[in-house]
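After this come two complexes, each holding subunit A, first together with subunit B and then together with subunit C.
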Partner chain A sequence: MRRGKFWKTESGLAFFFLLPACVFLLLFMFYPIVYVILMSFFKVNKLGDLVGFFGFGNFRFMFDRPEFWQIIVRSCVWTALAVAVKTGIGLVIALLLNVDFRGRKVARGLVIIPWASSVPISAMIWQWTYNNDFGLLNHTLRTLRIFGEPPIWLAEPRSAFFANLWVDIWCGIPFMALVFLAGLQAIPQELYEAAEVDGATPFAKFRFVTLPLLSNVLTVATLLSILWTFNDFNVIYVLTGGGPGTSTDILITYIYKYAFQYLRFGPAAAMAVITFVILLTVSILYARSYFKGGGVY
Partner chain B sequence: MRRWIVGCVVVVVMMLLLSAFAGAQKKVSILWMEYDGLTPDYALNLEKAFEEANPGVDLEIISTPWDLGHDRLISLLAGKEPPDLAVIGTRWLLELLDMDVVEPIEKWVSKDLLNNIDPALMEGKVKGVLYGLPVAAGTRLMYYRSDIIDKAPETFEEMLQIALKIHKPEEKFYAVGMSGKKYVELTEYAYYLFGNGGYFFEILPDGSYGKCTVNDEAGVGALAFMNDLVNKYKVTQPGVTAYRRDELQDLFIAGNLGIFLSGGFTAALLEQRGVTFKWDVAPMPHFEGKPQSTIIITDSIVLFKDSDAKEEAGKFLDFFYSDPWRIQFDKMVGFPPVTKSLANDPFFQKPVYKVMIEQIPNAKGWPLIPEWPECNDIIWDNIVATFLGEKDPKTAMDDAAREIDALRGM
Partner chain C sequence: MRRRNLYFVYPLIVFILLVLLFPFFVMVSTALKPLEEVYATPPHWIPRTIRWANFGDIWAKYPMGAYFKNSFIVALGATLVNMAFCIPAAYAVARLRFRSKSFIMYLILVVQMFSPIIVVISLFKIIARLGLLNTLLSLILTNSVFTLTFSIWLLGGYFRNVPKEIEEAALIDGCTRLQAIVRVLLPVAMPGVVTTIIYTFITAWNEFMFALTFIQSMDKRPLTLGLYNFIGRWTVQWQYLMAAALLALLPVVILFFFIERELVHGLAGGAVKG
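Now for the complex of A and B:
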């Protein structure tokens, strides 16, 4: 085919329309990724310029710091707990919203509110909610006499961690619920009817019809949730800034501190690369499991 | 159809002409910090008034909360998009000089302006070169409830005795405010450290900073006392590690604190919010047998080398430092005036300004070292570890000093 004619074919047209998106991706996705990878192997000055090859020096610097390993473990625990709870609650909400009842549309609208509101603003509202003296949560707990003296949520490492975790979960539940709901609605009703004819209990229907047919949706939704939760900067930055001390820092907030507070762009880039490797590994494992199972339902 | 095309062409040409006209204006941007007490209207009015006085200049004031200011400035610099001017904590200046981004400012502002600033406040002068003009400078002092406390304590030991008497946690009234959550700087510890005759680093004969000294007797003693207030005598608000300085200030304004150590801006806020209780100010307490000392904090305004509107930026500085704008600014932020022409203004003869000025001779500033933000965090983290009972004061400060010395290659 002559070159001029190619662009008049359907494939040519497809390439033509894809071109702007490709250029955009190259400029705004691949260039920063490649530059960060380069930074991690170079000495970097305070303006982010590469000034000399450093090999694995930036990685060694981070690996030698005991708190770095604590933060890696914390990031993984944070992600695992948050995604597990979001998946569980999201699934329950989706199952409830899938039942036909009066006011279902209103309930669906209400569920989406945390997802629709901006995360930093939600985090700021929760910061006030957690306030010991003026916050709604402790006021309610005191009034209802559930706690004589409720914890000061953001003051202790453990309670601060769980307070952050809950806000992340609160923000993420609507997404999971809506995706699961969409998945549930795609399951043919006849399968449930057939199960009923076979005498299946509601649990058996869930176990042998709903879950298997929802598994691909579950895989995709949890993968996305893992990626977002691992990189959730907003909630922790607004609520505790990684404190008390560094007890609620996860990798992403630690990267920010090194880059923009201490101007150590090299170690920050090394941590960004480590984050990239961790999330890429998780994504590949998920993709393998997804395609093994036959892909999209 | 032809009419439609002609119409479109006319619109495009007009837009091009307009944009060319707009391009003729020189743009000056300033990263502006949101001081407590400074209303957003001030920045808007300043911008409008300056543009009216200088029709060829388009001024852009980029307002930023203080606690995000450093990181935002660094993001702009690292992104090679620095503003023309920025308000900075003067302690960041060495970090910026290390990055080689700051322009000597002297030749861009008028002689009148330079002569109108007290030379003692020119902390932005490094090795004889002036890089920053002081925006605000003030010592930190003590606020107390004069309706509950008859006489302000002079020492921290006296403060403890008073605290034991007035602390009523069951009524949500706490004797002493203590912040344990990071907020811009490590001021809380500095109050007790300086009042105990200590400092963060040894000062070498040439004026440079030697090894970290927070683990000496003064440093450990200061932290031990703070920790006793929090954990032994329990006279602070509960959960100190959850409170930033600004949140603590809200607690004092709400009437829940007896004693609060802070800056002049708190007085401005107390007046603006019209609190109903009686309050007063006093010099920062010190430990018995130690000289009175507090921290003096100066903020500066700097010009960046990459600015292509240095002349216009200089014009803005002359405008901003003129009496009508400075007096509004100083009144709102609660710092004593930095310009000589306002020093005798009746407004600045109030007790809060008198105390701030009287403390200046014995006051100490932040260490001017490029690694200070990281040193600051290291000390903070170890103080928090002490409050949480994870470390004793001696171990915490030993760890902090060791880590800081290693960081600075000492």
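Now for the complex of A and C:
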């Protein structure tokens, strides 16, 4: 490249190419983040205008409510349970799909469908499925005698929580299964053969070959799953709207409720900032393990 | 693994598929039932009379045409805006050397994970101040912003895998940089471009929260919001909702199969590349 004018150099060109995307992101992603942080330290009226400095007032307002702490605990339980189950079931499915059986490709394709489907629309289908009188889930459970009398899923806080949780898990299983399957297929076959020569049992092969070589994939996928699960707005909003009351709200739906139902933008912004810090921490962990697994760029 | 001891695989796989596809069986079953069978107790799986008319009725009884059109405009608009910003940026991160590049890549990966909920409060104010509340443009803008970082990531990966020599040959032959990108790089990297387009299109098509927040009037609703408003009326006509859901899901589920492998690799990175 010729020297001289700024845009003729490589970094000048890069600057020009990156500028539009950066300006766009600055305007509609970073500026809103800064604005939310600002809001969280101000009194905000019902129209969302800043009307006076409030210091940590919004944060203190939330911290003083026992409900807020319940929701924090519930968000953690929600995330931990869902991610654990998704990882477990995903791993089982991946191990099954890694077996060379007839019809494997079809099975793999069918497993993907819950992920391919639109989450809010899936949640609507599940809402109908959970219907106590006309829904086919409880009908099936009754016919198979799994439950003597299955719960009215969405009507009562505890069962509604698990009903929501299951739909979130159901949406997340395919990604986990596929990512683990890709990880399994990257393990060289020779390692298993070597282990077999050494007389390893199937369990020993899993424990000492599969798991260690899968650990990186496990970390990346688990961190991603934590982010998605913690952020799952659609399932809860569509299925129960956080109800009955606020009994199935997690942090992310509670923020939305505070802002757009109660019109209390200040406390909502404070919770958004807390969420932002949590997500930022997990995202950085994710980015780190992503680059560790064979850095690109 | 070799073909042996396969007897345990089939029952397990069948069981897993029955569980995973359960709601879709429900959807198809309900979408084909007449009203009195939808509200029969106890419910049954196989409709006694199949009512195909459900699929016709929804177009007359609900503004399905408008929902589909709005979803299409939003998804297409978001894709175009996204690609306009994404292609040059992806080229820069894949091909050009500049200072603090690794930091920018790191930033892109981190930002990609932010939840729209964090910013929806302030974005609502910004959209209102721009006079864009209750417009499809507000959804085009927000959807393209929130898909941009991952698109750059995805497309950048493709550009990097195209041999540099092809472009250099074009430059030597007298192409300008721009011509080399448009005429040489983009055609070669077309699978990547298509993947990125499909990814953005699907994400915008499935988006719900921004539509819920920014759109008020019936005729501006995209599919997800339109279908959500089937519920919450006094009586829900579930057979219509399920028929509409089936139609709304079909195009994106099919498109998704073209990109699932790329998504897995883009999200999990070197960890699954072996």
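In this text, the second predicted complex is superposed on the first by the 260 of 297 C-alpha atoms of A that agree within 3 Å, B and C clash if a C-alpha of one lies under 4 Å from a C-alpha of the other, contacts with A are read in each partner's own complex, and residues count from 1 in each chain.
FYI, a residue touches a chain if its C-beta (ideal position, glycine included) is under 8 Å from a C-beta of that chain, and two chains touch if they have at least 3 such contacts.
A quick note: this is a predicted structure, and the numbers were derived from the prediction, not measured.
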| item | value |
| --- | --- |
| First (subunit B), second (subunit C), both or neither touched by A:Phe260 | both |
| Which of subunit B and subunit C A:Pro244 touches, first, second, both or neither | first |
| First (subunit B), second (subunit C), both or neither touched by A:Trp69 | neither |
| Touched partner set for A:Phe56, first subunit B, second subunit C, both or neither | neither |
| Contacts of A:Phe147 with subunit B and subunit C, given as first, second, both or neither | neither |
| Subunit B versus subunit C as contact partner of A:Asp133, first or second or both or neither | both |
| Superposed model, subunit A: greater residue contact from subunit B or subunit C | C |
| Which of subunit B and subunit C A:Ser117 touches, first, second, both or neither | second |
| On subunit A, the residue positions that both subunit B and subunit C contact, one per complex | 48, 133-134, 256, 259-260, 265 |
| Residues of subunit C defined as touching subunit A within the complex | 1-3, 6, 9-10, 12-13, 16-17, 20-27, 29-30, 38-43, 45, 84-86, 88-89, 91-94, 96-99, 101-102, 104-106, 109-111, 113-115, 117-126, 128, 141-142, 144-146, 148-149, 152, 156-157, 160, 177, 205-206, 208-209, 212-213, 223-224, 227-228, 230-231, 238, 241-242, 245, 248-249, 252-253, 256-257, 260-261, 264-265, 267-274 |
| Complex interface listing, subunit A residues touching subunit C | 10-11, 13-18, 20-22, 24-25, 28-29, 31-33, 35-36, 39, 48, 92-93, 96, 98-101, 107, 109-122, 124-129, 133-137, 139, 142, 170, 173-175, 178-179, 182-183, 185-187, 192, 216-217, 219-221, 224, 227, 230-231, 233-234, 237-238, 252, 255-256, 259-260, 265, 268-269, 272, 275-276, 279-280, 282-284, 286-287, 289-291, 293-297 |
| Subunit B-facing residues of subunit A, complex | 45-48, 131-134, 152-157, 160, 240-241, 243-246, 256-257, 259-265 |
| Partner subunit A, residues of subunit B touching it in the complex | 70-71, 74-75, 77-78, 80, 95, 98-99, 101, 172, 180-182, 237-242, 247, 251, 254, 256, 371, 373-374, 377, 380-381, 384-385, 387-388 |
